[in-house]
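Attaching a single structure in structure tokens format; questions to follow.
We call the chains A, B, C, D and E, going by the order they appear; numbering starts again at 1 in every chain.
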Amino acid sequence: MNAAAWTCLLLPLGSTVLITLLGGSISRRAAGWISTVSCAGAFAAAVVAFVVMLGRSPDDRSELSTAYTWLAAGNFKVGFSILTDPLSMFMMLVVTGVGSLIVAYSLGYMDGDDEERRYFAYMSLFVFSMLLLVQGGNLLFLLIGWGLVGLSSYLLIGFHHERPSAVAAAKKAFIMNAFGDATMALAFFLLIQKTGSLDFDVVFSRADGLSQTVLVLVALGLLGGAVAKSAQLPLQTWLPDAMEGPTPVSALIHAATMVTAGVYLIVRTNPLFELAPHVQELAAGLGTATLLMAGLIALVQTDIKRVIAYSTMSQIGYMFLGAGIGAYANAMFLLMVHAFFKALLFLGAGIVIHALGGEQDIRRMGGLRKLMPKTWLAMLIGGLALAGIPPLSGFFAKDSILAAALAGDTYDRVLFAVGIVGAFLTGLYTFRMLFVVFGGEQSAYVREHPPHAGHDRLVNWSMGLTVAVLAVLATFGGWIQFAGVWTPITDWLEPVAKPLIEATNSQEAVASIISVAVGALGIGVAWWIYSAHRMKAPRPWAVLEHKFYFDELYNGLFYWPAVALARILDWTVEGPIVNGSIVGVAGLTRRTGDWFRALQTGLVRVYAFALAAGLAVLVLVFIAVR
Amino acid sequence: MTSHGWITTTMIMLPLIAAVVLWVVPMPRVWVAPAALLVSLFEVGFWIEALVRYDFDRGGLQEWNHATWLKDLGVSYSVGFYQGFSIWLVGLTTIVMAASTAYGYWMRRDRPRAYYGLMLFLTGAIVGVFTAQDLLLFYIFWEAMLIPLYVLIGAWGGPGRLNATIKFVIYTMVGSLLMLAAVIVYGLQAGTFSMIDGGTNASDWIFLGFAAAFVVKAPLFPFHGWLPDAYRESPAEVSAVLSGVISKAAAFGFLRICFSLFPAGVQDFRTPILVLAAIGLVYGSLLAFRAPDIRGVVAYSSLAQLGLIVLGLFATNNLGIDGAVLQMVNHGLISAVLFLLAGAVERRAATGRFESLGGMAKGRPALATVLMATGIIALAVPGSGAFAGEFAILAGVFQQGWLYAVVGAVAIVLAAMYVLRMISGVLHARKGPAVHDNALDLRPAELAILVPLIGILLFLSAWPAAITDRVLG
Amino acid sequence: MILASAANVLVWVVWVAAAFACLASGVAVISFSNPFYSALALIGNLGSLAVLYLLLSAEFVAAAQVLVYAGAVMVMFLFVIAYLGGKADAPWTGHLPGQTIAAIVAAGALLVEIVLVIAGQADGHLSSPAEITDSFGSPAEIGRLFLTDQLLAFEITSVILLVAAVGGVILGSHSRQEASLGDDDARA
Amino acid sequence: MLGPDTAAYLIVAAFLFTTGALGVLVRRSPLIVLLSLEIMLNGANLALIAFSRHFANGDGQIFALAVMAVAASEVVVGLGLIVAMARKRLDLDVDKLSSLRG
Amino acid sequence: MTAAVTIPPVDWFAISPSLILLGVAGICLMVAVLAPDAAKRTTSAVVTAGGFVGAFVAAVLLYDKTPTGMSVIADTVRRDRYFALAALILAAVGLVAVLVSYTEHRHGHVAEYYALLAAAAGGMIFLTQANSLMTLFLGLEWFSISLYILCAIDYAKERSLEAGLKYLVVGGFGSAVLLFGSALVYGATGKLTFDAIAGAVTAGGLQHDALLLTGLAMIIVGLGFKASAAPFHMWTPDVYEGAPTSVTAFMSAATKVAALLLAFRVLVTAFPQEDGLWTVAIAVIAVCSLVLGNFAALVQKNLKRLLAYSSISNAGFMLIAVSANSALGGRALLYYLIPYAAASIGAFAVVAARERELARDVSLDDLAGMGWERPLLGAAMWTFMLSFAGLPPTGGFLGKFYVFSSAYDRGWLWLVILGVLATAVSLYYYLNVIRALYLRPGAELQFAAGGQPPRDSLLQAGTAACVVVVVGSFFAVQPLIDLAQKAIATL
């Protein structure tokens, strides 16, 4: 099992190194193949490990494997180790599975790009980082993976580095994530001080003895990392901008895997969160607020990818809600199926964008259904899954979370209510996008730029086949678990994350009915507005268009103050004090020198006088002092 | 002469003698640079030998060479490797110096005999600083570093070099002269200048004398007035040495001298120094974020990084110190690479200002890869060696006061901001007016210089414990 | 006693006269605007000093003072002054406004200090001069000292005079240097 | 000792010395400056001889004689310089000798 | 009346260094008169150089043969290792001065020049062995008068003349002060020899005697004048600038050696009971010199002037050692003088070389690019500046280290701190020289016509020797300290 896990982890890294070292000596497509094969290999390895794990008893499924001591400073030691347990296994499968599909899709999507090699190197690096995140055998390696996915995300968002907006978006994403890294690191420092270790088992076992303050601070630090990575309130603003990256990147990183790492983190460190229940409630609250806010903003977005991005944000809000109320397995379940259908949506959108020569504005699209029927089908599946319409996958996962919320206390029920509103919004914005893009008459733009089918078989196959696979997964993936009937995921994750809360079957039913109903209502409203009447969208509220002014707020709160502070320091400290002191001392010295120089008049009488005066003083002092 | 091995003296004397030979013995000009490079590579070789010989488990002082020199006042020639950290710093020195020498060769510096002689002399002096076991000898090497630097910057530097050198040398000398006073006081009180036999001294004043030299040399905020100009006006490879190696001498001084000889002073002044270091960390980061050119960014980031290293040292626990030593090596290599890259960019674009740069990544994959890789390590992305160092430092200083670690964490975010700004300012977005299409990618020779350094950085990223586990003992 | 006191009075009178002449001529030296008069005043000064030397039983020194100093040296002085034409400068003036006042203050302070010191010692160990023999200060005694205790001083004095003579020769000679370097100087 | 005490001689000597010093400080003619230097030396000589008498110790007189020789030497050199100056048609004014300054 | 005249035993060996130089001076004078013009320069230079070598050898022998100090020739001079070491340094300085002077352009008086050089050096050596106030005064005048003439020897140049006259006037004033002080000390104690003075003070309980202290003050001023210590230093820059450069070279090195060593001897042997006063006075004077010399040097453009102010500040450092009034201070002083003297004469030698090359006074700007065009001289100048500034690896560094050690040993940490700060200030102008030599392109310089070609192997040999001493004294510090230690022991 360990060997397979290590193989899974290191294969993508190997591919990165290989592509980098080979550089220009291989063809661009070869780089793509290397990457794809390595990811597929990683998936295979993960499957092998999974099979091995299945063969063991549930108590014996956790195994820690340490390669070597990575950092040993003072009494603090951390090994380069991976933890293979049901949770990480679950994530490995999702990551490598979806990952290899998307990499394969990229073979087609990125075909012809100048810097394809760089792209695939980055993609492999990302897969490695993500695996490190989920496989990391201690908190530090979790953080390392955490940081490395942020790095790969930065690299890939900024892939089109000649576009200033892409560069800016990449920087923004990285810096906000760095903020999250920092809060996590602070939590870790606290843990090191209090427990002396960052190993999961040591930390968890010693956590009981920590004071509530410490626990709250630690949990807050972890939550900071989680919200930053998962683009939850209040650190959500980077995700829409991140759509500057190539679409497969959005699919892989900003939908399927990386952004859900926050959920993974909460689930992984649930013993800590459970000891700080208020923070966990906070996580649920933040998730809920995010899902509502993102749903609202998504309504007015005009960029196809941004719509999906906000929906991602919103869906992760559900996951946070689930993880926050302790329905870990449900959150993980949504995480998985979300990976399927959101990847599907992105890749479908990618096909549209690709076909339209890079156009992303839905207002310029329209009537594509006839031109791209297969894509329409795929997108429809994705959209229905997203809206939680049975029997597609989203239904099973999302509703189980809502049901769990319904099972909780008053606070949780408020969250449930908001979640229902969110479900309505989900249906609305998803189908707004679908109807605008695919429905109705062909827009002027589409007529001018008719979507062209590629002539390259590989391109078509790689994009078509992967989308097809994802469509299948999005359709049937949810059947793995049907709350109240069969719960393999909950059982699987039981040893790692035992749910705090479980809905009764009646609650499940109530939640399902309500959410499906409002979801359908949302779809209906969308149909009524955007398909049946092709209404011009009402002028949206400025507050939505400006995404609740979070960008402006953060610019005003952090960026500009930092810049201003730097300027002020430059003007008030660096210039006048640090440098000025030198100039001042130098000037003073020089003036003193000039003054002494002026004493040297060249007149011999003055010289003699100096001697005489010096003598008079010296004699006086000698006589006086003796 | 008491001798326990030959290697320390050899490592000091070889470059010094080679320098004198270069100056004095006439030889064809074309031989000069290869000869110097060969010597500096020999230094690296000797260092590897020393690394192999040094018994980390035993620790303490090894490869000790001792000879009385000025018996009258108890001064002796006494050199050796004292604990693991001196090994690492000597290694950093030899490697960075070899890279810088090679870079100078590549740049075809004029007046080669003087140039390479000075570089070699500098090498010897720095190795001397890191191995001296006698305070006066330490001081001598300390000052001896300054002399070649003065001319290297002044004769081969940029247009503002004359003022920059004066500022640099006098500012740092004021600090070191106070150290001389402290050395004298300590030595006369103890009856010997030996760091080994002298014992501790509880005087705060002596500690402050030493600290004055170290805070200026490092530099620590607000004693960094000399830094921006010196780093900007030096030849790139000298900037690399300045920020990569010379600044580490100050941190080394704290560690080797202050910690072992003046524990009381360290105790008394820990808080002020920590505060200064923390301020410098944020301050340097902010100014790096605002700096208009590559070198400005690297220069102010050096200020910040040295603040961080001092935070780690003055955490006064093994965690912080181990991290600080790792970070010294990391930062030494990073800033060396960044300065050499700055030189490479300036050579191609004739400027280092961001307003004229940009878009260099297009068609220059090697430059982009090298700069990106180094920048990413510089901003301490988790998993990098710099991350390991910073993590250990902050975890260490957290135990002195959580606020320091919070400040450090803020600074890490700021570091991300300024490094990314630098990377994108050079490589990304629209092509700057100073970037010509025919500006070349990094040449194989440049890669041959830079890639080994980055290789070491990557190695340290994969296994930071290689150093942190072998710092003290 | 009477004889002694009469002698004492006589000595006093001579002393007062000589001291007064000495001081007056000293002031005169630095007050005359014409160096010629100053030089003459200095001769008077040296002469009156010789009297004081005599009163101090330094016969040989007094003689030397008159012969060598007031005679030979001052004659040389007068020669030079005559040669140069004795240009006058207005004493006590100059283009240094504060210099004169400052000089007077400094010199005055010095004088006051020394006088105070001497006065303070007047009743101390300066009050009882030692008894002397007749031979004290005689040429024979001086000669003996020159050949015994102060042998070296005697020799060195001659060396100094020799050096000065060489200097006089060099500086006084109107050599080629003047002619050939004159234009160097002009060029510079 | 007949006549006034040693102290009286010393006061005369001090007066002479300071008079000479004053001369050097205030006079601009190099000739008179030289003369003033002579006065200073003579003041010292008077003190030496007075002490010599006071201690009945001949050394002071020898010293005074040596000083005379030295004074003569200084005069010779000084006059030589003055003559050289005059030959270069320089003003005989020490205040004009200020090309070296600063 | 016929008192038996017994000439005291004369230890000719004790004064042999001076005598040799006097003899050489005499020979040179004869050369001046007798030799044909063409031969004057070479003959007199060779003879003088030989004289300095002889004096050097004599000094070495004296050092070797004088394990304990003694007063000789009716106690008027000392024969001890202290003086022998001084003579050794002075003879070496003189020898280098001959090398520097040899190619100096001079119309006439060449042989006289060497005669005076030898005479001045002889006087200085004699001064350092003076053991009575009379020999002190005579020795002082001996070399002073020689120097007055040497300064003015290029009297066709107005500046040389000006330098000579200024030196003479202020020097005469200083001598008179010293003399009056000697008279007062004589008056207070009745003695002229140093140890007798100390004895009389002890016997008579005269430690607080006003007469004695006034005399002491005057002696300090007189010696401070010769050592060019502030505020008695004011003649120094003018004279150094105006005098022929070879003379300045000799003077700057040798006068310091003689005056400071004598000052130490006088103060320590004649006034040990008054140390509470004079150590403080000397320390204050040292501080004045440090402050004034360094600050004024900062703003100098003319190189000779700059070096003159630097010599003032160095006098300050050496006076710190004197003020320590200890064996350690003595060692510090003796040691400091060795690299200082070498660096000083060497630096002026380089100035002289540049002057001859450019045929004009050398300003800092005139050094532009010299380091690259004249590698030997440039590197030498660099070394000298480092030594002045007290940077390793030069003897100047250890000199300062010793000086500060002696001050701290005395308990004067404040003096150490002040010295350290002064050093920091001084760096500016020393580095300025190096900056001119190496950091500025020579193209800035407009060469004047009429200079000599720079080839001057004797001067370069002399400069190289100075470099060897400056650097060698760093590495061979312990042997030199041993020499100094033995010298101090015989004081």
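In this text, contacts are C-beta pairs under 8 Å (C-beta built on N, C-alpha and C of every residue); 3 or more make two chains touch, one makes a residue touch a chain.
If you're wondering where the values come from, they're calculated on a predicted model, not measured in any experiment.
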Graph distance between chain A and chain C, where chains that touch are linked: 1
Chains touching both chain B and chain D: A, E
Each chain counted as touching chain A and chain E at once: B, C, D
Centroid-based (C-alpha) most distant chain relative to chain A: C
Two chains sharing the most C-beta contacts: C-D
Chain centre separation in whole Å, for chain E relative to chain C (CA means): 30
CA centroid of chain C to CA centroid of chain D, Å: 5
Chain A and chain B, separation of their C-alpha mean positions in angstrom: 36
Gap in Å, rounded to a whole number, between the CA centres of chain D and chain A: 96
Where chain A touches two or more other chains at once, by residue number: 597, 600-606, 608-609, 612-613, 615, 619, 623
Per-residue multi-chain contacts in chain C, two or more chains: 94, 96, 99, 102-103, 106-107, 110, 113-114, 116-118, 121, 126, 141, 149-150, 153, 156-157, 160, 163-164, 167, 170-171, 178
Junction residues of chain B - those touching two or more other chains: none
Interchain contacts (touch definition) - all pairs: A-B, A-C, A-D, A-E, B-E, C-D, C-E, D-E
Residues of chain A defined as touching chain C within the complex: 601, 603, 605-606, 609, 612-613, 615-616, 619-620, 623
Complex contact set, residues of chain C against chain A: 94, 96, 99, 102-103, 106-107, 109-110, 113-114, 116-117
Partner chain B, residues of chain E touching it in the complex: 331, 372, 379, 386, 391-393, 397-398, 400-402, 404-405, 408-409, 413, 416-417, 420-421, 423-424, 427-428, 431-432, 434-435, 438-440, 477-478, 481, 485
Of all residues in chain C, those that touch chain E in their complex: 113-114, 116-118, 120-121, 125-126, 135, 140-141, 143-144, 147-153, 156-157, 159-160, 163-164, 166-167, 169-171, 175-178, 180-182, 184-185, 188
Chain E residues within the chain C interface of the complex: 1, 3, 5-8, 10, 15, 22, 29, 73-74, 76-77, 106-109, 112, 115-116, 119, 123, 126, 134-135, 138-139, 141-142, 145-146, 148-149, 152-158, 184, 187-188, 204, 209-211, 214, 360
